Amino acid sequence: MEAMPYTASELMCINAARLLQDGDVVFVGVGLPNLACNLARRTHAPNLQMIYEAGVIGARPARIPLSIGDPTLVSGASSVCSMYDIFSFYLQRGNVDVGFLGGAQIDRFGNINATVIGDYAKPKVRLPGSGGSQEIAAWANRCYIITPHQKRRFPEKVDFCTSAGFLGSRAERDASGVRGKGPLVVVTNLGLLEPDENGELMLTALHAGCRVDQVRENTGWPIKIAGQLRQTEPLTERELRILREDLDPQGIYLKSGG
Amino acid sequence: MEAMPYTASELMCINAARLLQDGDVVFVGVGLPNLACNLARRTHAPNLQMIYEAGVIGARPARIPLSIGDPTLVSGASSVCSMYDIFSFYLQRGNVDVGFLGGAQIDRFGNINATVIGDYAKPKVRLPGSGGSQEIAAWANRCYIITPHQKRRFPEKVDFCTSAGFLGSRAERDASGVRGKGPLVVVTNLGLLEPDENGELMLTALHAGCRVDQVRENTGWPIKIAGQLRQTEPLTERELRILREDLDPQGIYLKSGG
Amino acid sequence: MSKVCSLKEAVSAYVHDGNLLYCAGFTHLIPFAAGHEIIRQGRRDLTLARATPDLIYDQLVAAGCAKKVIFSYIGNPGVGSLRIIRSELEAGRLEWEEYSHFGMISRLQAGAAGLPFIPMNQTAATDLEHNNPNIRRVTDPYTGREVVTVPPLNPDVAIIHVQRADANGNAQIWGILGEQKEVAFASKKVIITTEEIVDEGVIRSDPNRTLIPELIVDAVCCVPHCAHPSYTQGYYDRDNVFYLNWDKITETQAATQAWLDEWVYGVKDADEYWQKLGAETHERLKVSPAFASPVNYGKY
Amino acid sequence: MSKVCSLKEAVSAYVHDGNLLYCAGFTHLIPFAAGHEIIRQGRRDLTLARATPDLIYDQLVAAGCAKKVIFSYIGNPGVGSLRIIRSELEAGRLEWEEYSHFGMISRLQAGAAGLPFIPMNQTAATDLEHNNPNIRRVTDPYTGREVVTVPPLNPDVAIIHVQRADANGNAQIWGILGEQKEVAFASKKVIITTEEIVDEGVIRSDPNRTLIPELIVDAVCCVPHCAHPSYTQGYYDRDNVFYLNWDKITETQAATQAWLDEWVYGVKDADEYWQKLGAETHERLKVSPAFASPVNYGKY
């Protein structure tokens, strides 16, 4: 991807921003999701409501927060409440439209592992754990996942299911009775994956310059390719300018290749 | 009681105030309990903490509140919280030492009826209902009842158990597992009733000038008289002066005979 | 997105015949003007839920708007009984459903939290439980002991009065909080009445004070003195005289009807009602200021 | 009744070997100075509970104070992993008990409310539930569906940093509230550290701002800058540089030990630590003021 005039992080961030609708209530994490939300607010979704698991609602951060509890999230926010309230009155109650998720592993059915590589009781690699993601994955109306496309990140089945995608099939998630629709799009540096009618992640779009064989090579199961494979819209200068000049001028999150 | 230099309300109020200990956290109702608590604060219990079911903690009312949600309770209070918090974090959690209760009927075992006279489904007299008293009676460490001594108010058994005293016996309350010790004293205009070892209310003290036969006549069951029947301490001038001059100068609550 | 409209418009759009209505507030901030507007618009068959029905529901029942009350304490706070509701209940003309205060607000807490029930510790007083099939039990999976449960309460529409709100519906309350937050999150539609509509900069200068966020609010109505004869902390006092008077007014049906004719049907809106109260009452309910100590959030 | 004492005295009196400790705060108001004092006093076998262990518990584990952690997210917020805790877990030298954030704070909510459990809706992700016997289920008595439950968490001692408190322990917080209120009510002993001890008139001018009431507080310690490298809203900024540095420091045991020697064992108290940070850091963490809009409670 060296030839591209943008980084993988910029590519993913802009494609994630486009998934947001004006008026959406988004449960935001730091890093790329935060940038994506702020970008959407400054482009097509001026009425986006950003809420944070720390209990901040309607945040308008004046600087890029390094932590999910940065004081800039509070100054100028419309409301602050306790963590119990944010998880119960907002998320569990169904007041959150969109959740962003990430993890060390995403499997064929969109299940996420952010807990452990290897055996839970004797961890080979101990990851941070759920934080808020177990509930976000279940109860936000729509979930989006942002992750670099690498084979180790896309196993056939997660070592540990921290957050539910479609479990073993869409029918299985439906039967569980959780309120959210599950992971609707996985944004990677190669393209977009979306669940098919059975809940299995399928390649539905490629970014400009990316190829199906790259996706196949970097996915841990024989991935289905949509019959009508789309190409994502090219990044616009305006989107890139807002990201680079206004939102992350030091390139804290955008300089990385993802 | 016409000859006495004080009203029945003053008598009950001062005797109730004396039951409070310095540092007690009291769940206060309006009327006589409110006066009793403020009297105790100005005499032997300066560190009394008054909390109100409306969610007010550490109130220092500058005037006599007519309602349990009077704004004077808030101005100068140390904390205000929601009703859910006051009932769960304070009362259910065990942070309340004393609750004051009243009702249309108090029976042989200290059970209280504030709900209905007659059949619940077809009420003869519909009373206000529990409010906070069902939980106060169960979870405050100690409960005190203030009520005029009249036969219709002291039936053998309540028509409806709004708030638990000792149910059918002290053993029955213990078995129910509720945390509070139950009604420890009933203050009437004739004397004090306290539960015996079985939880049955027994006359343990008479006010000056009151007689056992008055108590018998005005109680709906053959009431036991304590072997060592005490006489309550005479009201002091200081107590009466604080009540009349500082706390209820208009005599809103004190003028009544109870 | 501004949600500002008149109270008349809000009631017309969001309060329908047969609705489960919750006018919030525990003694403080009771939205009387909204109750009067509902009476003027002639709503019928409402189910009126409130921990303490207070005079506002006594008036709605007197005007024939209600078929049922859900409550935990039916008294005229500090005075005695609510004569209208009490007599309708005793006459068997009004349905009811009853809880303790904690049961009632636990229903709201469950409704606000999206939970199918909330547990409460036992109180040993079981007569209400035996008379209300909504009060049930589950076994605690840790100790094996039983706890008492109530199901969520999710009103069709909540009306909540506040000190100040912005045009989008971010609403701030101080003083007694009662069950306002829980009611707002539990309800399907939320009407905010407010003493003042302020610039969003005022709200955003103190986000911890915002009890109700715009994202659950449907209408914002600027209604000064909405709470009379209840009160708004810092704005005007409680009209205890009226609470005492209501007890007398409701001694007869004729007097009650005359009061409704004069003070509800006979006025156009909350402004006219307040003006009609007159200068003496205005003066009596005035409050001198006492400001909160400053709080610095910092520019980050 | 004044509960003012030094942090040294409070830790000595209330934090004992083997205790279940909860240092509150979600990114905001983390009481680092209290953690350092616990290290200096050489406590052992502590169980450290926190939704996000953050650097404060990484430091306590590095100093050998802990035998177990209870958590819902073990990361260095915004940076990556907590190297010390992670390596101790991977080496099997540290016990642990794990929840989601909501599970963790629901345990505190149950502990604060005196309830034997709190229900949560299902999430369909059951691996944690299968690995933690504290996570159980009950059947909702209304719908017959199962909900997930957690038991109460009741720490032996909580340490909570606040912006201002009076000598009796009435404590006010603004900015991110995290789980401070729930931890305070859930715990057996509560130590308040505060940026300032103010006259009770300041607190009582704004009772809605008081998150923690004196009646559950055991000690009040005036500890300015207690939260560094975390922050106190309106008082000083978060030291992101230190959060990034910690990731490097903890790459080796030697560097970690050297840091503890210099910054914890090598200083007497929080004042000396803050002075040692130096003028440049003080300047970098300074915040210009932004005050909340005035609020009138009224003189009643």
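As written, the chain order gives the labels A, B, C and D, with residue 1 at the start of each chain.
Just so it is clear, a contact is a pair of C-beta atoms (placed from the backbone, for glycine too) under 8 Å apart; a residue touches a chain by one contact, two chains touch by 3 or more.
Please read all numbers here as calculations on a predicted model, not as lab measurements.
Chemist: Suppose chain centres are the mean of their C-alpha atoms. Which chain sits farthest from subunit D?
Modeler: Using the mean of the C-alpha atoms as each chain's centre, the farthest one from subunit D is B.
Chemist: Counting C-beta pairs in contact, which comes out ahead: B-D or A-D?
Modeler: A-D
Chemist: In angstrom, rounded to a whole number, how far apart do the mean CA points of subunit A and subunit D lie?
Modeler: Averaging C-alpha atoms per chain gives centres 29 Å apart.
Chemist: Between subunit C and subunit D, what is the gap in Å from one C-alpha centre to the other?
Modeler: Spacing between the chain centres: roughly 37 Å.
Chemist: Measure off the straight-line distance from the CA centroid of subunit A to the CA centroid of subunit B, and report it in whole Å.
Modeler: Spacing between the chain centres: roughly 58 Å.
Chemist: Measuring centre to centre with CA averages, how many angstrom lie between subunit B and subunit D?
Modeler: Comparing mean C-alpha positions, subunit D is 40 Å from subunit B.
Chemist: Among the residues of subunit C, pick out those that touch two or more other chains and give their numbers.
Modeler: Where subunit C meets two or more other chains at a single residue, that happens at 114-115, 120-121, 145, 174-175, 177, 181, 208, 233, 237, 287, 290, 297-300.
Chemist: Mind pulling the subunit B residues that touch 2 or more other chains?
Modeler: Counting only residues that touch two or more other chains, subunit B contributes 56, 70-71, 74-75, 80, 88, 92, 139.
Chemist: Specify the contact topology among the chains shown, as one of line, ring, star, complete or other.
Modeler: Shape of the chain contacts: other, as it matches none of the listed patterns.
Chemist: All pairs of touching chains, please: list them by chain label.
Modeler: A-C, A-D, B-C, B-D, C-D
Chemist: Going by the contact rule at the top, pick out the subunit D residues touching subunit C in the complex.
Modeler: Its residues touching subunit C are 114-121, 136-143, 145, 147, 149, 151, 174-175, 177, 198, 202, 205-206, 208-209, 233-235, 237, 287-300.
Chemist: Write out the stretch or stretches of subunit A touching subunit C in their complex.
Modeler: Residues 23, 25, 47, 49, 56-58, 60, 62-63, 70-72, 74-80, 88-89, 92-95, 139.
Chemist: Give every residue of subunit C touching subunit B within the complex, in rising order.
Modeler: Residues of subunit C touching subunit B: 26-28, 51-52, 71-75, 77-79, 81, 86, 89-90, 92, 98-103, 105-106, 108-109, 120-128, 131, 145, 174-179, 181-182, 231, 233, 237-238, 240, 243, 287, 290.
Chemist: For a test of understanding, state which residues of subunit C touch subunit A in their complex under the given definition.
Modeler: Where subunit C meets subunit A, its residues are 1, 112-115, 166, 168, 170, 181, 185, 200, 203-204, 207-208, 210-211, 213-216, 297-300.
Chemist: Once bound in the complex, which stretches of subunit A touch subunit D?
Modeler: For this pair, the touching residues of subunit A are 30-31, 53-56, 65-71, 73-75, 80-84, 87-88, 91-92, 111, 115, 120-135, 137-139, 160-164, 167, 173, 176-179.
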